[in-house]
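As written, the chains take the letters A, B and C, and residue 1 is the first residue of each chain.
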Amino acid sequence: MSRRKNNVGTLFTPTVLAASVVFLLILFCTVCAGLLAPYDPEAIDLSSAFSGPSPEHLFGADNIGRDVLSRLLYGGRTSITNALLVVLVSVLGGVPLGLLCGYYGGWLDSLVMRVWDVILSIPALLFGFILVAMLGRGSAASVLALGIAYIPMISRLARNLTSVEKTKTYVTAAKSFGFSDARIIFRQILPNCTSTLFAELTVDIGYAIITLASLSYLGLGVQPPTSDWGMMLQEGLVNLRQMPFLVVAPGIAIVLTIVSLNIVSDGIQAYLDPEQRKLPSFRRYEKKKHK
Amino acid sequence: MNTLLKVSNLKVDFMTVRGIVHAVQGVDFSLNRGKTLGIVGESGCGKSVLVKSILRLHEEQKTRCSGNILFEGHNILDLSPREMLAIRGVRASMIFQDPMISLNPILKIGEQIAETFRARRSMTKGQAAEEALRLLKRVGITPAEERYHQYPFELSGGMLQRVVIAIAISLEPEILIADEATTALDMTVQKEILDLLKWLRKEKGMSLIVVTHDFGVVAEMCDSIAVMYAGKIMEYGSARQIFNDPCHPYTRALISSTPSGAKGGKLISIPGAPPELYEPQTGCAFYPRCSQAAERCRESLPAMHSASGNHVFRCERPQ
Amino acid sequence: MSTIVEVKNLKKYYSIKSADDRSHKSELKAVDDVNFLVNREEVFGIVGESGSGKTTIGKLLLDIEAPTSGEIVFEGGKTGKQMIFQNPYTSFNPALTLGRSLEEIGLVHKLGKEETGKRISLLLEQTALTEDVLKRKPKELSGGQLQRLAIARALLLRPEFLVADEPVSALDVSVQAQVINLFGELKEEYGLTILFISHDLTVVEYMCDRIAVVYLGRIVETARTEQIFRDTLHPYSQMLLASRPKAHPDDPDSEPLENETTNTVRIPDGCRFFPRCPKHISGLCDKIDPPEKEVFPDHFVSCHLYPKSPKAAPADADAAEAEDGTYVI
């Protein structure tokens, strides 16, 4: 009987560690925007318009003198929260549907999956446009639109995982014990899919941040005075010549968030797979054990 | 002396997510030309690891080997990756339980064999195809001309295992290692494959190492037998010695737990399960499951004792 | 002796798409007109190779699959039959603790928490396992422990009839013995009837009271175990016996099998075994499907090589003989 924990090797390889630190830092700063931001992000102070970095404004101020650091923090909060909401919507819609399609197969599966093929052939952003056009612009509409746009991806993954799981003997065994289909799907199959789904969702949060930013950039997402990173990009672009930093700052924020999320997600997946996990060298392991 | 392979004090450790597994803990044996050695034991006893290290098939970064594997005087463990290429598949090859490990699912089976000839024997396309077809016939694949153009998924497990054997012997190796190669096959197919291996041994003078948990296969095939437990050889001898006069309690228990004959009383079973090999052992590894265990078995590692001639066993309290 | 299961003309066909022509569908006759009955408290063995349909028979008996046609008469309640699978690691849900896997069954069948717990404790004791296995996930147990737990799981609802599909093939010999012994003990304890599906003649010979040999979806020979091993009639059964590896290195080498195994999904006309049969009679075996005959009392075989025993079915013996007479040798 194997009572040993499979805890040799680490999730936190130097890269993953750095990425997690970066992401947690971003998360912490944006969540605590209210505490950390030196100014009200919407406070206009024309006297310091276009001022470069200074002790008063660490990252400078924009065309109408709003503090860039404060706007980055608050904007990040909006971006990340909305991205999480997008993923939540897509999970609530996509996972149950995917489980059902994968388990029952047949015409339901063919139909749903063909519809998803069509939707997935349209870029998520474009699909967002269409839905926003139907639902109206604004934060809630864009979150809902993207959430729906992501359903195909999530449900296809859930469906593929389920169609593999359902052929396994434990499902046959559950059937032979008279388990209902609902019980088999949600209490037997679903627990076997969660870790893969989770890794996928981490990446999706990153995508959602980009796409939401794009919608905001185009003026379809959050509406002023609320702001997110996409909105900041758009506003900065007008003043690109005077102060390129107004574009660079939110751009860097977006890239850092997404790259760090991707690295963390890959790291988790590699850690969960005993074949892929990064293990210490013999010498290092034995040295540590002797201590 | 006609020793082809001599393994001495071989140790193999693996780094895993649960710690270091001491899979092989000092194994010695030798194999003569044209002879068959059987390695038997329960799953997890290290038998598969042992034979894979002969071809150095382990992931090098996570493996640590020490000792000697002398193949015609050269220590396999010291060879460069380039030198290994001249041995692996050429002078020693291996077949596995799942034939698909060794096959490419998207290539026609004939082409896969022909490919070996073209790459290793620098034959022309035509020559290689001809040679491949001849080989398919030799391993009993009928109708060979038709099968040549089929893909692996079109063939049954037994046929695939024949194809794998064809590839394995294509360069006429001196050693063929069969790692549970017939375990997943039907009884009648197993017999055919075993007959094929016997024929190869006779015809080509090939040496065989048969890794199995099935004493029937060993009785059928082997000249000598090594019984492995927890990374060590517990008993070694000729097939006849092991079957007629098993000395180690583990060997005896294995032989008597095989059901034979009609319905009868209880079978003798070995209680418990083999140990995990994360920690180095202080006493006899079989001690917790042994019916003859005594206090000293727990305290000190048993030494190898000689029963007669080549027949040795690792136990302090044989009956 | 009373009967617990009777299977009449059972058929299960799957439609498969052929590899070359996807529009062309053909039928895979996994189980093709199978008849047998199982007596109470006996161990009935079904022996055959892969593709013989033996696992499908088990699934049909447990209603996991629906038959294409035919009838299964089962004298027992809805929870009266359970199945044990070949590989315990895949037959338990890898994501759940074993305790949870067992409790779910109690939950589904509304046994109540207390009763479920009581039954689990008793079964753990009977299968020589400790309570702490319940907190573990399947991969933390050895194969033997897990298969014993699989047997405990199957007995949780107190069935009368167990279908055991290759229950020891995935286990080491040393552990096989533990599980085989356990079957023996629990059979006595619970008065079980067991349908034991296996490809391993040695295990079947040891375990079973009666045996049916199946080949490509059809039973070719049925008899009591000692009878079938003494007077093996069907050439296929003989071939199976001859392929057993020898038990001792000094035993004489067996003859090589005369005919190659063929890779047939397509069932031939006439006797389905004739292409592999070393004794087939051309003009007869390749044309006419042999009927089942009782050659010795309770020893049935479907093969043209054997005349119908005069002792069998005296009522219509004349008619049968006239019918058979044309081609019996």
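As a convention for this text, a residue touches a chain if its C-beta (ideal position, glycine included) is under 8 Å from a C-beta of that chain, and two chains touch if they have at least 3 such contacts.
Computed from a predicted structure; not experimentally measured.
Asks: By mean C-alpha position, what chain is farthest away from chain B?
Replies: A
Asks: As a test of whether you follow the contact definition, which chain pair has the most C-beta contact pairs?
Replies: If you count contacting C-beta pairs, the leading pair is B-C.
Asks: Quick check: how many Å separate the C-alpha centres of chain A and chain B?
Replies: 49
Asks: Using mean CA coordinates as chain centres, what's the gap between chain B and chain C in Å?
Replies: Averaging C-alpha atoms per chain gives centres 31 Å apart.
Asks: I'd like to verify one number: the distance from the centre of chain A to the centre of chain C, where each centre is the average of its C-alpha atoms, in whole angstrom.
Replies: 51
Asks: Multi-chain contacts in chain A: which residues touch at least two other chains?
Replies: 1-2
Asks: Quick one: which residues in chain B touch 2 or more of the other chains?
Replies: Correct list: 273.
Asks: Tell me, which residues of chain C touch at least two other chains?
Replies: 142, 145, in rising order.
Asks: Considering the complex alone, what residue numbers of chain C touch chain A?
Replies: Where chain C meets chain A, its residues are 59, 62, 64, 78-79, 82-83, 85-87, 90-96, 104-105, 108-109, 133, 136, 139-142, 145, 157.
Asks: Can you tell me which positions in chain C touch chain B when the two form their complex?
Replies: For this pair, the touching residues of chain C are 19, 49-50, 142-145, 172-178, 180-181, 184, 199-203, 205-209, 225-226, 229, 239-240, 242-251, 254, 256-257, 260-261, 263.
Asks: Applying the document's contact rule, which stretches of chain A touch chain C when the two form their complex?
Replies: 1-3, 168-170, 172-180, 183, 187-188, 191-192, 194
Asks: Touching chain A in the complex: which residues of chain B?
Replies: Residue positions touching the partner: 13, 15-20, 62, 64, 273, 276, 278.
Asks: Using the touch definition up top, name the residues of chain B that touch chain C in the complex.
Replies: 42-43, 140, 142, 154-159, 186-192, 194-195, 213-220, 222, 239-240, 243, 253-254, 257-264, 266-271, 273-274
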